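Alright, structures below, take your time with them.
One chain, subunit A, links the two complexes that follow: it is found with subunit B in the first and with subunit C in the second.
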Partner chain A sequence: MAATLAYRKLDWTGIVLAAVLTLVIVLPLVVVGTWAFTNVWRYPSVIPQEFGLRFWNQTLARADVWSSISMSLTLSFTVTALSAAICLPAAYAFARLDFPGRNLLFFSFLAGHAFPKFGLLVAIAGIFLQLNLIGTFWGVVLIQLVGTLLFMIWIPVAAFQAVDRRMEEAARDVGASPFRVFWSITLPQAGPTIAAAILLSFVGTFYETEGAWLIGAPQVRTLPVLMISFINNQPVIQYGAVLSVLLWVPSFIALLFARKVVNSGSFARGFGG
Partner chain B sequence: MTASDQIGSVTPVRRRPYGLLLVATPVLLVAWLVIWPIISAVIQTVWTTTPQGQGAVSLDTYSFFFSDGYSLSNLSMTLWTTGVCAVLLLVVCLPIALYLRFSNTRVAVYVQGLAIFPMFVPSIILSFAFIRVLGPNGTVDLLLNSVGLPHIRSPYLTPWGPVIGLVWDNIPLTVLILLSGLGSVSNQAVEAARDVGAGTLALLWHIILPRISNSILVAISFAVLGIFSAFTLPYILGPAAPEMMGPFMQRTFRELLEPKTAITQAVVTFGFCIVFGLFYVRSVAKNRAA
Partner chain C sequence: MSVLKIKDVSKIFPNGTTAVDSFSLDVADGELVCLLGPSGSGKSTLLRMVGGFETPTSGLMTIDGEDITNVPPEKRPTGMVFQSHALWTHMNVFKNLAFGLKLRKVAAPEIKRRVEGVLELVGLGGYGTRAVTQLSGGQQQRVALARSLVLEPKILLLDEPFASLDQHLRERLREEVRDIQQRLKITTLFVTHGQDEALSMADRIVVMRDGKTEQIDRPDVVYREPQTPFVAGFIGTMNLIEGVVSNGVFSKAGYSTPLPVSDGPAILAVRPEALDLTASTTGQGKVHRVTDYGTHGLVDLELKDGTRVKAMVSHPDLFQPGQGVSLAPRAIAAYRDGKVIHRTSAVAPAPHPALVDA
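== the complex of A and B ==
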């Protein structure tokens, strides 16, 4: 800790932290990546006996892998599209219109975050049981849709509020219709943030495991759900490793686009920090 | 306070009730799938029908939960895991956040990147990586074996498995929340304290910690809410018995087919987390309103 506040000395604290974090955070992922490109790795060799792509062919030849990939993508697209369709108009209303109960309704989206998530899922599952939604595609859609609401409303509200109102008024003054103003002025300015919200909810839905497992399994099998059964029952390690690499792709895309957003102070404040 | 004070201003001051129509669908969805399930869970578990066909208030399911040895050992394991994770998270993340706040070297950029990185690793991949590294004949065993040392006692399928996984998973947001709190500690305050001869520990105790105590509470509340009913990591990495509340509820609901018992367990988790939940939600709302 002694070096923590020193600016000019050699940054020993930093070097130690960097080394420890590299070991703890990067190493496990490198191990998984190595397993995915390994044909033979028998104990006790420290490095694999034979590298290769043999298990990529085998994994991609499995029917359950393809069906769960298409299930995951269908679910994520459906949930994201529905979420955008109902949340973006609502976000616009919260940002621009005044109506009775606006405040209370805006903060009502926080309600779910006051409870431990899996407990809430079990309570919802109790409702779904009476409606025969357990084990159905639409049951999973509904439960994942609820998980996207807060982000898909709060982030776009901030985006609509950040749009320069003077430009909109100037356009109205020269005779542009409200729709034209929205299309040519409001949307281009709010667009990038809204796109980030859509991307976040797509990726969040893609990895949503708990709702899919509780409500959907075994009939609705998404990629993370298939991964759980690979971890529990599959003796061939490489299948899980290849699936991990495949599974990581959406996260990698999110990483490329969302890093700036995540590192900004407003992101942490959104979590109450 | 008016609406505009809390979530930002609305220029056309005229009230337009048709805004209600635009927000109706998501609001009804929250009412139906968040608020109603919670109310219904409480009602279902305290309201029973007597053999005569009359309704009556009964706390039987709760007295069963709190007298059943297995339920209680699952609950105490959940409390233990949550407590240990919260302490470990602070011990790990506070030094990282302090370091990031007070340095601007290139190493600091790298450290921040690494501390945020687990946010982009889904917990299911983390579980797999954990087993490959710390499981039997995993990487740690390989490395120890290659220098002639005995195997480790693997934390896989012990209570320490979920602890390690959950701490790993929660590092990014804990660091970000603490770092955001450290933003309110001014350099002047730190330098003034240094000038009058405060040591590092005194500085930490008297200047820094009082200013970030609220952020620490927010970080802990967020972690507790996530960890108390965590499912994936404890299900894959934890022991089969006793199990944490997440896997316990799932098994009761889907395998034992006892939804009422599972919902009772859920209400118990609500009860244990309610203080953290309300505090957390209040902090988020306050920040959004500011």
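== the complex of A and C ==
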């Protein structure tokens, strides 16, 4: 085996493509990561003159950073929980029942992603203004909820459709009520794929910026919104870089979690692959 | 100790197809009744209606006199075993069996006792901690059977439970299931499209076609005295020769035999094992092919118009392709308008296993 590998011709095109892709993806991250741990870095030096945690101390000492972190986490948990509560039963209905307008309704979830998002948001902001939802926590929850609908409906629908109906019938047969069947059989069977959908909406909500900014500002400030204002208003790059690195944390946790919970096929299955 | 009564049950699907057409059947206590028919005959739909997974369009079903027609499946005293076994793959064997008992709020030690008992019964003692996916096809189907039996249902429903298994395993499992069923004396309704399964397991067979009953009888009666040409052709191997009766003689392409019925068209039915062949130069038929099965031989012959007829012979080496033969049936039946109009009293020999499987 090792011998065959050693003698196999190297695929240079593949290696070059992989290297370029890695560079394009990793380089900006490296630059931002370096900036976050830099005290002094002046042109034309290629590496910073002085590394250090000065800006971490300064950033983490700020009250608005901590309040925005807790705001972001609260928002993401609330939105994901609400989204799951609303979308999972709806997804089950889409997967199992046939009702008039089913297909039209199903594709309507795509509509929110089919048009330029910002225009849509401005129109919604106009409506929210009349409803006094601008600048409120629940206004942001509502707008971010809309953003999660697509993932939380489409992926679970595919997951539920993949569950063998005979399994559900067998559970009815031994005495389980329809709700019990959903809870004890269908949900665990669709579990890994649904976990993937929940993860996607949590991370997506955590990073969502336009909605949170347009509806929430200035009272509701999430971590990404704060980061944007830092980048726009501060002459010092490091504040933005530190917040940016902070924002990586949920993705890393999500990725680690995903590797544990989600087997490799589930994501693909969720998208009908 | 349970009796199932089905009275005038019909099922018309929303798209207009009639799956079951005013079907009636009484299953006696401890009896195993097979619903046998080709796919699309409505046998599975009927079973699913008894299990509560389909609602009859009209009709009445009772278990021990209690109307169950509109009772949801979870409230019915029925237990169903599915073709695809439908075990819950996120639970191990023990949890699969314990689920129904837990829903009934049975105490944990009692659950353990009953689950272990029923696993022993299906020959899987000590398999409780196994994952369902680790089991072989036959073991999975046994667990599925155990899952139904552990709840002691009044009526056991089996929906082609062996269809996905290989021939050898299928034969072994059907003997086991029959043994268990007789030991527990559990009233059972069994759906199959395999006549060998029906003939070897059932107390009575219901032959179904297009949602209707063709015949309900003991297996040996269904085999020996089929009431319709459909049943005659569906169970075992049967030569069905369409011809004309005139002055008490049935004739078809140079072949004729006395048939004491009124003039008109008729279908002559002869089992291969009830058809004797003799070599003759002026024969009514010509040998097309001879197959030697070791225990017996099967001769395919052609009448003058090309109609194929099969005959079972004990000495296949006596016949060669192209040879002329005369036909001498020992037992015949005749059908007209889908009904039997004549049957010779001579009793045909018992069905040969090789022919039943064919």
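Some observations on this one:
Quick note on the criterion: the second predicted complex is superposed on the first by the 228 of 273 C-alpha atoms of A that agree within 3 Å, B and C clash if a C-alpha of one lies under 4 Å from a C-alpha of the other, contacts with A are read in each partner's own complex, and residues count from 1 in each chain.
What we mean here is this: a residue touches a chain if its C-beta (ideal position, glycine included) is under 8 Å from a C-beta of that chain, and two chains touch if they have at least 3 such contacts.
Given the structure is predicted, the values throughout are model-derived calculations rather than measurements.
Within the superposed three-chain model, A:35 lies in touch with subunit B and out of touch with subunit C [touch as defined at top].
By the touch criterion stated above, A:185 is placed in contact with subunit C alone, subunit B being left untouched. Comparing subunit B with subunit C, the partner in contact with more residues of subunit A is B.
When the two structures are aligned on the shared chain, A:170 is found in touch with subunit C, with no touch to subunit B.
Shared-chain residue A:115: touches subunit B; no touch with subunit C. When the shared chain is aligned, subunit B comes close enough to touch A:18, but subunit C does not. Touching subunit A in their complex are the following residues of subunit B: 1, 3-4, 6-8, 10-20, 22-23, 25-27, 29-31, 33-38, 40-41, 44, 95-96, 98-99, 102-105, 107-108, 110-112, 114-133, 137-139, 142-143, 145-146, 168, 173, 176-181, 183, 190, 194, 200-201, 203-204, 215, 218-219, 221-222, 225-226, 228-232, 235-236, 245-246, 249-250, 253-254, 259, 262-263, 265-267, 269-270, 273-274, 277-278, 280-281, 283-285, 287-288. Interface residues of subunit A, counted against subunit B in their complex, comprise 1-2, 4-5, 7, 11, 13-15, 17-18, 21-22, 24-29, 31-32, 35, 43-46, 86-87, 89-90, 92-103, 105-120, 122-127, 129, 142-143, 145-146, 149, 153-154, 157, 161, 165, 207, 209-210, 213-214, 217, 224, 227-228, 231-232, 237, 240-241, 244, 247-248, 251-252, 254-255, 259, 262-263, 265, 267-273. Those residues of subunit C lying in contact with subunit A across their complex are 51-53, 72-75, 78-80, 82-84, 86-90, 99-100, 103-104, 144, 147-148, 151. Across the interface of their complex, subunit C is touched by residues 164, 166-167, 169-177, 180, 184-185, 188-189, 191 of subunit A.
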